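Going in written order, the chains are labelled A, B, C and D, and every chain counts its residues from 1.
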Amino acid sequence: MTGFARRLAGKLLAGLVMVWVVVTFTFFLVHALPGKPGDVQYESYIMQGFNPEEARAKVTAVYGFTSHDPLFSQYLGYLGRLLHGDLGQSVYYSGVPVSHLIWSALPWTVLPVLTGLLVSFLIGVIAGVIAAVKRSSRWGGLLSVSGSLVAGVPSFVLALLLLLVFHTEWHLLPDAGTSDITLEPGWSPEYVGSVVQHAVLPVISYALLSYGGWLLAMKSSVITVLGDDFILASELRGLAPVTRARYIGRNAILPLFTVLALSFGIMFAGSFFIEQTFDYPGLGELLLKSIGVRDYPVMAGAFLLITVAIIAANIVADLCYTLIDPRVRR
Amino acid sequence: MAATAALSTRLRNRRPALNAFRKAVTRKPGRLIGLGIILFFVLLAICGPWFYGSLAVDPNAIYAAPSADHWLGTDFAGSDVFQEVVVGARYVLSTAALAALFTSVLGITVGLLAGYHRGFLDSALMRVTDFVLTIPGLPLLIILSTVWSFGSPWQMGLVLGLTGWGGVARAVRSQALTLRERGFLEAARGLGLPSRHIIVKELLPNIAPYVAMHLLLSVIAFIGAEVGLFFLGLVPFSSTNWGVMLNQAVFSGGAMNSPDALVYLLSPLVCILLLTLGIVLFLDAIDELFNPRLRERA
Amino acid sequence: MSRQRTLVAGLAAAVALTALSACSSSAKKTNNGDGGGAKKDGGVYTSIDANYQITAGAPMNPFNSSPNMFLGYDQMRLGFDKYNPLDPNDLFPGLAASWTATDTGLTVQLQPNAKWSDGTPVTVADIKTSLAIAYTQGTAGPVAGAGGTIVQGTNFEVSDVKDLGGGKIEIDQLPGVKNLYFQRLVLSATIVNDKVYSPQLPADIWTQIAAVQGPDPAAAKAAADKLSAEGKTIAAFAPAKDVSAGPFVLTRVGPGEALLDRNQYFFAVDKVAPKQVILRHYTGNQQIWGFLTNGELDSSPYTSMPTNIADQVVKAGYTRTDAPSYVSASIAFNEKQAPYNNTAVRQALAYVIDRDAVTKVGEPVGGIAAPYTTGLIGSQTDAFLSSDQKSALNAYKPDPAKAASLLQGAGFTKDGAGQWHLPDGSPWTITLQTVNGFSDWIAASTIVANELTAFGIKTTPAITADFATYQKEMGAGKYAVGWWLTALGPQTDKAYNRIYGAADGFSVVNGKATHSDTSPANWFHTPATYTVNGQTIDPGQLTADLSVTPVADQKPIIAQLAAATNQELPMIQIWNYTKVGFFTEKHFTNFPKTGSDALLLNPPGVWMMQGYIQAK
Amino acid sequence: MTEVQVRDLTIEYQTSAGWLPAVAGASLDLRAGEITGLVGESGSGKSTLALALLNAVPEPGRVAAGSVEVAGVGDVLSLSGKQLRKVRGGELGYVFQASQNSMNPLKTIGKQLLDLGRSHEVKDLRALIARAKDLANRMGMDGDRVLDSYQHQLSGGMRQRIGIVFALVLNAKVLILDEPTTALDMLSQAAVLDIVRTVHDENQLSTLIITHDIGAISEIADRLAVMYGGRIVEDGPLLDVLRRPTHPYTRALIGATARITGDVDAARALPGRPPDLTTVARVGCVFRDRCPFAVTACADTEPPLVVGEAGRRRACHVEPSTVLSGTPGTPAAVGGQP
């Protein structure tokens, strides 16, 4: 297992380097962006009846959370604070720590994404096996096309259609929020039920988003494994069909770990489409909102976290792969 | 040895790829339909704006129901939705096409260089590719939309291409490596062919179906991304396109709550679905071309 | 294998939960729909707070720039502005039961039973702390354009707060300063709990405030900087718990909704019917439309919407209310750029644009095509101008012939293809600038562009990415023609400041306006003076005068400004916004209706304080 | 005793040109205690024939005619389902062509052995493991270590031997080895063949070795059968056939192998290319295009496989003596020899 530990350390190091690159990239990108958060607010103060000087004064009073240090020392400071988990302070929410905002939003992205991933994995993998085994039949072909189609349709189009059907037309499911506010948060069945009910549409969207990927990957993987020598060999040795199916299954699922990381990334990065459509207060919506009000620290923080999540997913997927496949374990 | 034989066979048959392609496409009617849909939209994008130069407005016929005059009804300004769909195809498709162009040029170049040269160049290029793959493209795009206005398809296509070439590069590299392992390159070199020739004449045609597959898949993603940016209103509406229509239908027309604007919402939505379906159906043929195991049994 | 089995088990659990939730939700829905057993208590009042989006993680601190605090519900003031154009100091009582203006300031009588939600009474300390915080937040402090004893400004300058006993408080204005709106500004200040907020303030805060007001400019500057630094601490402060003196207290902020419970210690708790208030989060108008068409809200804030949605909402059982919104959408000109420096050109364009048609597309429900361009919205024009003065105004009814003759008179020519050419012979094209996200402007632009193009001036709408950029580039003179919000009322001096103020090249020092050609922050107006009806007028000076003139004496000034604006058209007013709201009497009755402008311009919490909204 | 009797076996594949025979009317006996070598170029149908012995002709092929009688089992071709499965790996041990990759890469050899035992409902799995270890030890491996290993941890030769262990561990009477030496270096080849001989002798098996390498087989086989174009063209006792090849193809095959002739210079490749399914002659002798001895009859009549003296069979229109004396590469033979 020392090989495993070494591999883990290597992956973590590579991940850290990647995070550093992304941090640097985001920092300078965000600082290159024009416009200040206060500029947006300025006009709204004018509308409230402040005259220009007063509006300007109020903007500086309320939005004075921007630094005037040279860029590079700001960058060093940013790195240093990041090491302590400090993502800076929000400008739009006058001084609220960015990490606080992100932690409030994070579960509403992670939980539906993971649930969706799980659901789509189960359905997609089973459908992929069927599509592989029945690939010459009409139904197998149809199944494959369904996978590609669902994988191809933009997430927001899916989300809009779901909303149209399940909310607008049938009034079955809510279109916004995470739970019924009148219920006390906790483990009461009503609250959990309400959370689940609100999460159904986002989860379905996430599941649909990655279902096609699983299906297609599993299909091609199964086809590849079916043609592998040891499967024929096990048949000629008279191994029981169940055992053979297990052999096929385990070997076919291996390459899917790459897909896992990929799907997770796609879902995480595409979360804002789904969260926006269902008004679901996750990371994606936070990112969108912060972009809308030009709240750069939050923008950078949310973007960074999304990237870190993707990197982490890659590492986890790689390690899972290592655990299952003895050939890479060494 | 087998590789040499295969190579010489290839050299003998001038255009086997084209024949195989024709065969693959005509094998199933679905693939023909897919090709038909793609061609239809491409024609629409090229010719559409010729038919309907500027859209007429009619403040007295806002969100009119479909009729003989307005096949798909009218929008918030009383403009004809059908005409808008037709005109809007150009931005959507040309952006996707440009993005695909940038993606393939970048992806193929990087992938081939990495796969062919190995060593330091390979690992350096692959690190860059990893980086591009890790950076979440869509969030980056919306952040960039605060700096750049994506008025012309060129800008949008360039950015989409810049964020999207990682997958193609990786795929091309792994294909190049596979061909290498199969002794393909050695065989070609043994025949005394220069490396430029090997790359252009031998490697490229061999990875072409694979690249095509990836490209078509990314075209779908590109369409989703660009339309999505307009739909969310993150990008200023600089032209008539399907994303703008979706945005107007949902955020100005209340299509989610009012049947009046529903056709306005569904028209671009159905177009996107149709185009996706077309590409997916067509992709089946390319998939078969690339994956011989599928071909054998089909 | 075992792994897969757990997955299946998890899935099964999820499915079961879904089924369960479906049941529980339907149970809840019927409860809500009938009013059920909670009838006596009034049940839950559902609405939307249009001021801020609800964000999980945002603090319950009204001084934060985007807090989870809701005006009229758990955020209180001494009084609530009635937005009365004829009496700017007219307010509904809030925490103050009554008040009297004195020569030196204001005497306020607190509500006899005013209490915080923790049961402690509202005291003078709360008022004093709150007014001190205002200095750190830029709402109080040195007043702009101070000249003479009467000053304009949106800031108040309180020098001291004295307890007169019996809930009577004296609030002193800084000696030597006379702000016409001191009463309204002070009474509208946000009042917070002293025990919660004073630990965030330095003990010597009033000494600092005295230094700001002191005669030494350097010391004042230093003190002001210190105050604004302290302001940041206050703004970022996140109290653990809401302590409210309003009718409700914040119980919980979900990521998408806020739940407020009735404050049992509220001074007029017997008037407040709803037991709970749910304020729903929204990210865009379309969501409010959805809530309304599904009948989920008891009342809605102002929402821009298309006619089809408005019809749908009424069909869903809602009653529509209209109240004036003191703002107007206009198309403004950069008068530094030819040909827009030519009055005849601006007038011609006003004759070409059919404001009714444009409004129908741009703001069909929440807008009324502007009857006149005067710099004020319609109802204010009606209130301040005599009928003679009004009939002298040019309504610029669509008249292409008139427009053509004006243009020909200015040396423009029309070619065979119907395209207009500038006097120098080049074809005339217009880029009509709007801002991303302002969907009504964008929609309206398509119609304006179409009308102008049809008239022979090729017009294309262009959209700037965001408002900050729009303002910057507009100030830099990059746009020739573009959309702009004007007639910002109800204070008339604010409305005219928007076109003849400091941002337009007119700066006021010691009550004297001067005009400068450089660095405007706004659409630029070239002439320092206009000739109207043979008289020369100085709009910058008139506007400056307006801000130090009590409303009762403003009519003569406004008459001149309105006539000048109507003739010179620094902008063309396209539509005046109306505040369209909806309510349903499904659960509650006695809502304020169209006509009760003062109430409709305030949030439902204020209605409840005034005894509106009764259980059914 | 004849363990396996193959009679008139015809196997067809579906192609774009219809159903075409890959093996046509093949008959072959495998006797206890005898190693039979089946030799032919790729595409000759020898692997298809071997798979047919287990009734495992892959899609899109089918058995068109014939039978495969296995002692104590009956016609394998009529079996299906569980019965068939039990025969595979039970009576018939098959060592896979690409034995290099015949193991599940994700499981240890021992676990796969247990899978095999369970699939065949072996009661005493301990004994099975013990027997496997014993077999492994006897083949010169460390049984304990090997059973704890994954495939990727074993060398090519070891994998091949493991393949044999799997084929024999259930006490198969018939051992079929498909190209056992192809992917191995010369040393491993010799070792594997040696082991095959040893286990064969120890267990009194009927062994069929399929190979294209007539040289390798010549060291251990008792009988030799030669296949070309889906037909068995000659068979008989190994040494006899090697010394006196009476079919022009056998003769050419031997001539192409330096190891047998002992003279590298004399070894010469067979001219032309072996036929595949679509190019094989439908009428007449399948070898006539490449045959230096071809006569007119070869063009229209397919020569039957005729039993000769000393247990030999051949399918050729040309006299055995002509073939034996004919100078390789002399086309004059076409006209007929005096």
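One rule holds in what follows: a contact is a pair of C-beta atoms (placed from the backbone, for glycine too) under 8 Å apart; a residue touches a chain by one contact, two chains touch by 3 or more.
The shown structure was predicted, so the numbers you read here are calculated from the model rather than taken from an experiment.
J.: Taking touch as defined above, what minimum step count separates chain B and chain D?
T.: Counted as steps through touching chains, the separation is 2.
J.: Closest chain to the protein CA centroid?
T.: Given all protein C-alpha atoms shown, the central chain works out to be A.
J.: Among the chains here, which has the CA centroid at the largest distance from chain B's centroid?
T.: Following the centroid criterion, the farthest chain would be D.
J.: Based only on mean CA positions, could you tell me how far chain B sits from chain C in angstrom?
T.: The separation of the two C-alpha centroids amounts to 46 Å.
J.: With centres defined as the mean C-alpha position, give me the chain A-chain D separation in Å.
T.: Averaging C-alpha atoms per chain gives centres 56 Å apart.
J.: Quick one: chain A and chain B, Cα centre-to-centre, how many Å?
T.: 23
J.: How big is the gap, in whole Å, between where the Cα atoms of chain C centre and where those of chain D centre?
T.: 92
J.: Residue numbers in chain B touching 2 or more other chains?
T.: In chain B, 145-146, 250, 256-257, 297 touch at least two other chains.
J.: Note the residues in chain A that touch 2 or more other chains, in rising order.
T.: In chain A, residues 34-35, 167-168, 276, 294 touch at least two other chains, as defined above.
J.: Every pair of chains that touch: which are they?
T.: Every pair of chains in contact is listed here: A-B, A-C, A-D, B-C.
J.: Name, in rising order, each residue of chain B that touches chain A in their complex.
T.: Of all residues in chain B, those touching chain A are 28, 30, 130-131, 134-140, 142-143, 145-147, 217, 220-221, 223-225, 227-228, 231-232, 234, 246, 250, 256-257, 265, 269, 272-273, 276-277, 279-281, 283-284, 291, 293-294, 297-298.
J.: Spell out the part of chain A that touches chain B in their complex, as residue ranges.
T.: These residues of chain A touch chain B: 18, 21-22, 25, 29-30, 32-35, 135-136, 141, 144-145, 148-149, 151-157, 160-161, 163-164, 167-168, 220, 223-224, 227, 265, 268-270, 272-273, 276, 284, 287-288, 291, 294, 299, 302-303, 306-307, 310-311, 314.
J.: Going by the contact rule set out above, which residues of chain A touch chain C in the complex?
T.: Interface residues on chain A, with respect to chain C: 34-36, 39-43, 46-47, 49-54, 57-58, 60-65, 89, 92-96, 100-101, 103-105, 108, 115, 118-119, 122, 167-168, 171-172, 174-182, 184-185, 189-190, 192-197, 200, 246, 276, 279-281, 285, 289, 292, 294.
J.: Can you check the complex and tell me which residues of chain D touch chain A?
T.: Those residues of chain D that touch chain A are 51, 54, 56, 58, 85-90, 94, 96-107, 115-116, 118-120, 150, 152, 163, 166-167.
J.: Using the touch definition up top, name the residues of chain C that touch chain B in the complex.
T.: 284-286, 289-290, 293-294, 305-309, 312, 357-358, 360-361, 364, 436-437, 439, 442-443, 446-447, 450, 453, 462-466
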